[in-house]
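Below are two complexes that have chain A in common, paired first with chain B and then with chain C.
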Partner chain A sequence: MPSTTTSDNEKLASRRSTLAGLAFSLPAVAWIALFFAAPLVIMSVYSLMPLAGDGAFSLDNYRHFLGEPAYVQAIWNSVLTTAIVVVISLLLAYPFAYILAYKVPKRWQRLALACAILPFWTSYVVRSYAWLLVLAPTGIVNWVLMSLHITDHPITFAYNPGATDLGFVHFFIMLNALTIYANLVQINPRYVLAAQDLGASAWKSFIAVTLPLSIPGMTVGAFLTVVLCIGDFITPQILGGNKELLLPQVIMMQIQRQLDLPMASTMSLVLTLIVAVVYLALQRKMRMSRL
Partner chain B sequence: MRWTQRLGNLVSGFYLTACYIFILLPVAVLILFSFQDGRLPVPPFHGPTLNWYITAISNDRLMAGLGNSLMVGLSSSALSVILGFLAAYGVSRYEFAGKRLLQGIIILPLAVSYLLVGMGLLVTISSLGLGPSLIMVVVGHVVINMPLAFAICLAQLGEHQRKIEWAARDLGASTFRVLTMVTMPMIAPAMIAAFCLCFTLSWDEFIIAFLVTRFDVTLPIVIWTMLRGGLNPQTNAVGSFIFLCSILLLIVVELLLFRKRS
Partner chain C sequence: MSTSPFTRFLKTSAAVAGLLLSVCVSAEAADTLNVLTWCDHEDPALLGPFEQANNVKVNFKDIDSTAAALAVLGQSKPGDWDVLVVDQTDTGRLAKMGLLQELNAKDFPFGDIPAEIADPKLSSLDGKLYTIPEKFGYNTVAFNKTAVDPKAMEDINAIWDPKYKGKVAVYDYYVPEIEYVAIALGKKPSELSDADLPAIKEKLIALKANAAMVGDVTTVQQALATGAVDLLVGGGEWVTAGIAKDNPNLDYVIPTQGGVRWQQGLGVFAGSAKKDLATKFVQYIVSPEAQGKLATSSCYWGMPANSKAVLNDEQKAILRWADQPGYIKNSYPYLQMTPDFDKKLQALWAEVLQAK
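Then we have the complex of A and B:
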């Protein structure tokens, strides 16, 4: 019967479509599975193993990690630093993105934005080194201060947690300015006009209309800041001195000095867990597709 | 009204300038003092001289790092774009169950820090009894860059391209011919842009390369070891060089990907 043939043909076509689609995506998926997902599984297994000997699987590494005050301090330092960096970067980046989106003429905006994120494209190593040049006792800031006789001996700016925060804020202002700008230019200007027609002042229409509509951009920026900031080893290592260690520094110490891969795995997984919790908390407000 | 507006513009201009100074200051200082005629890259500035660039070029370890970085960057970006393009083609041209899940899996590495990717590879090679090597850097860089190449290609494979592919099929072209003679030439600019972006990120990447290599290392790792010697104009020269390469590639990306639309 012709009708069954058609449906058979359709079934066949749909199966061929499935096979072809899978065949094209397979290499990419296999790569991620083999070199990203499988390593994560191996790491999880490692985190349950003792460093030496052939003891049974246990949560000992986790217990040791969360029971050692120096390690807990590192977690706390990382979380606190990340929180400070997120808040300061958002506060500084928002007005910057706002001015770019609404005060700078349209045809200059792309160029202005491109210039504003230039250093974004240098590596962490080079960027942190560049800050060292600026902040060092003989660096440019101290040189200017001393030439102006504001101080007669160099002030210590580098090698402390404040320098780490500064290095982070520098990078994440650029990132947040990007996401907030991308959000702001998508807001229909008629909403603001409507609010002002109804008698709202410029400030009130900003608070009631523009600000709420730009929450997705801020949230995406904040999330990317958390992911990149909490996992960075370079910036604190170069700028922070060695007084208050962050979690990635402690992880690298496990690898390089203690040669303790199980403990390093445990710590990395806890780090990832923190990021996952932040993601779940922010997920609803992001609406990535709108950006 | 006029008066407040003018004040507002003044404050905006001032804030914008302050932000630009803050953002661009370190890079400006880095580049300026790469031309320093003296042993320390700190003020006062003497020069300009190209001496430190010449010193860097004759530094064997730096040049070995440069060669390794080029090798890793080119091969990992090529792999990323090929795998990313094929997956984007499969996802955009065929309907099948589990497509969403597949897309999710491919995009996943974008949401984790590079440290985790590097740690995973380190633990894997050590559990397999393998030594650290540059190959693992390539592997890791494909993990972090392929999702980007996938996303860029996917965004370019729209309905318009699909209709042209249908036309080619109606005229009897095989899937392979459609792919190589129709689809790829159509989105070639996006693929080149994706390649340049992947290369920029690979070229600059530190933590994965640091974790899975030991003796043969990439350029950022060489710079890292140079930092132990303190401030040095040679480091400025190399840093400026890496930065300028990245910016040149990004201009290519901008021209290929965004010029047409605006």
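Then we have the complex of A and C:
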């Protein structure tokens, strides 16, 4: 019965294919289970425990966290700082990526890309301290301003939220430029030519064709910026001068003195929740195949 | 006779495993003392003589707080660590957790340690000695002598003077800062209660308004050293003394109203399998020779607990050796708090930092 044999073979092949798929995905699943799901579960359990460890599970840590105005303010500060950094980084990164993709000759693009990622080669901490030296009252910016008699006394550029934003933007411009560039070079140039054939100006074809098609690159860059920026402790700690606290700084406060893991877990879960919400909001726009 | 690739793989693997095993076994066999320590105990000049005299290797892990030590202990087996350097305020807390071994006062030179530094409140619990004082210093005001009048700094209220606006840095550690402000308000730190917190918060917010920044050790030290600020509230010899040769204009003072005193000690872990060696290490660190080296550590300087510490005149001058009797009397040790009060102070500090 040939038809039955063919059907059996197909089923067998399909089963093998399914098994192979499972086998190939197993390492990734195990990785996520071990290093993401399990820590998340542990943190969730911790967040319900009292500091002393001998009380019953409760939502007290969440109540205390959300009932302390300074801690709630830290959530808002983190969201606002991240939003500012994302917008400024995208605005500055886009023209850079566009020029790199369309105006720089192909043979120079690799060199330009290497220059773009140069800041990634230095330590994050060193880079933040370097900014501190640049922005300090005795730093190069104030030296230039005073030498040119633009001001007769040093201006305070460092140790404030603006300095934190600057440190972040410096780092994330390059990250966003890379994701946008990777997207732009994949856009078929015939789309723009077709638009211009139909009478669209260069500006109109950019707005109607290139910009919408580069949204996945911008979205991925924005999401990576959100993830890295909202969880960062170093930059605000060094450059911000503690003029305001971001959520990672408040989490560190819980750890550094009392090793208050339950409260730190509570705050970290709220931070994770914010990132998850951002991901859900952006995920439909992120098409990784375009990168 | 040719060898198959599989056999070669097995042989090579066995050889590598054997080599690794022998290294592990020999490492285990060598006598090591495992110390959880702050960065000032890591100089080879300090550890070398002890290692040579006892034919032992001191294996240290760097911590920067009691919480960091607890985090390391949480990931270790009992017996993994032998000695701990600790903020002496936390002695009772750790002893209550059963982590520390009771020590015998007769084994240590308490006769050479000033009475205030040897205060059992900081080193003992229920009459049992758990930690030995080894080094202390102050969280008070450090300043640049060329930019501010040193005489003016003797008044604790100088840091609120509007003429220093934007030239003040504040050390980001709420315990000494809150205590220092309490002293400025005329309160006795050991008697602080919830009722005192609103006034302290208001005074701290006023201080922050006068400050250019609030930062960690490295940030505030850099700010003072580079001239970004002229005053450091919470600073002391730990900021100025180590860099005195490069920055001779940096100094510190205890105001007439008083200052805050930090104090670190050494304890032996109850779970240590090398308690005798660990006790020997503690004895070595509080010996005059080691005390001199610890006081002038490359990481940070501080006053040695042992008054017979071997230091030259220049080092003593930098540490303000002659002023110490008065300074010790006019300073308060770190607050010893319940976890609940500690949380309140931490939340208060967060509110101060968030204040616009």
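What we mean here is this: the second predicted complex is superposed on the first by the 252 of 291 C-alpha atoms of A that agree within 3 Å, B and C clash if a C-alpha of one lies under 4 Å from a C-alpha of the other, contacts with A are read in each partner's own complex, and residues count from 1 in each chain.
Methods note: contacts are C-beta pairs under 8 Å (C-beta built on N, C-alpha and C of every residue); 3 or more make two chains touch, one makes a residue touch a chain.
These figures come from a predicted structure and were not determined experimentally.
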Who does A:Ala158 touch here: chain B (first), chain C (second), both, or neither? second
Just checking: does A:Gln73 make contact with chain B only, chain C only, both, or neither of them? Give me first, second, both or neither. second
Going by the contact rule set out at the top, does A:Leu51 touch chain B (first), chain C (second), both, or neither? second
Based on the superposed arrangement, let me know which partner A:His170 touches: chain B (first), chain C (second), both, or neither? first
Between chain B (first) and chain C (second), which, if any, makes contact with A:Ile238: first, second, both or neither? both
Figure out whether A:Pro119 sits in contact with chain B (first) or chain C (second), or with both, or with neither. first
Touch test for A:Ala136: chain B only (first), chain C only (second), both, or neither? both
With both complexes overlaid on chain A, does A:Met253 touch chain B (first), chain C (second), both or neither? second
For the overlaid complexes, name the partner, chain B or chain C, with more touching residues on chain A. B
Residues on chain A in contact with chain B in one complex and with chain C in the other? 129, 132-133, 136, 138, 238, 255
What does chain A use to touch chain C in their complex? 51-52, 68-71, 73-74, 77, 129, 132-133, 136-138, 156, 158-159, 237-238, 241-245, 250, 253-260
Residue ranges of chain A in contact with chain B within the complex: 14, 17-18, 20-25, 27-29, 31-33, 35-40, 42-43, 46, 92, 95-96, 99-100, 103-104, 110, 114-119, 121-127, 129-134, 136, 138-140, 143, 170, 173-174, 227-228, 230-234, 238, 248, 251, 255, 261, 264-265, 268, 271-272, 275, 279
If we count contacts the way the header does, which residues on chain C are in touch with chain A in the complex? 65, 67-68, 70-71, 166, 172, 174-175, 212-216, 219, 222-223, 226-228, 339, 342-343, 346-347, 349-351, 353-354, 356
Chain A contact footprint on chain B (complex, rising order): 9, 12, 15-16, 19-20, 22-27, 29-30, 33, 40-44, 83-84, 86-87, 89-91, 93-97, 99, 102, 105-106, 108-109, 111-117, 119-124, 126-127, 139-140, 142-143, 146-147, 150, 175, 200, 204-207, 211, 220, 223-224, 227, 231, 235-236, 239, 242-243, 246-247, 250, 254, 258, 262
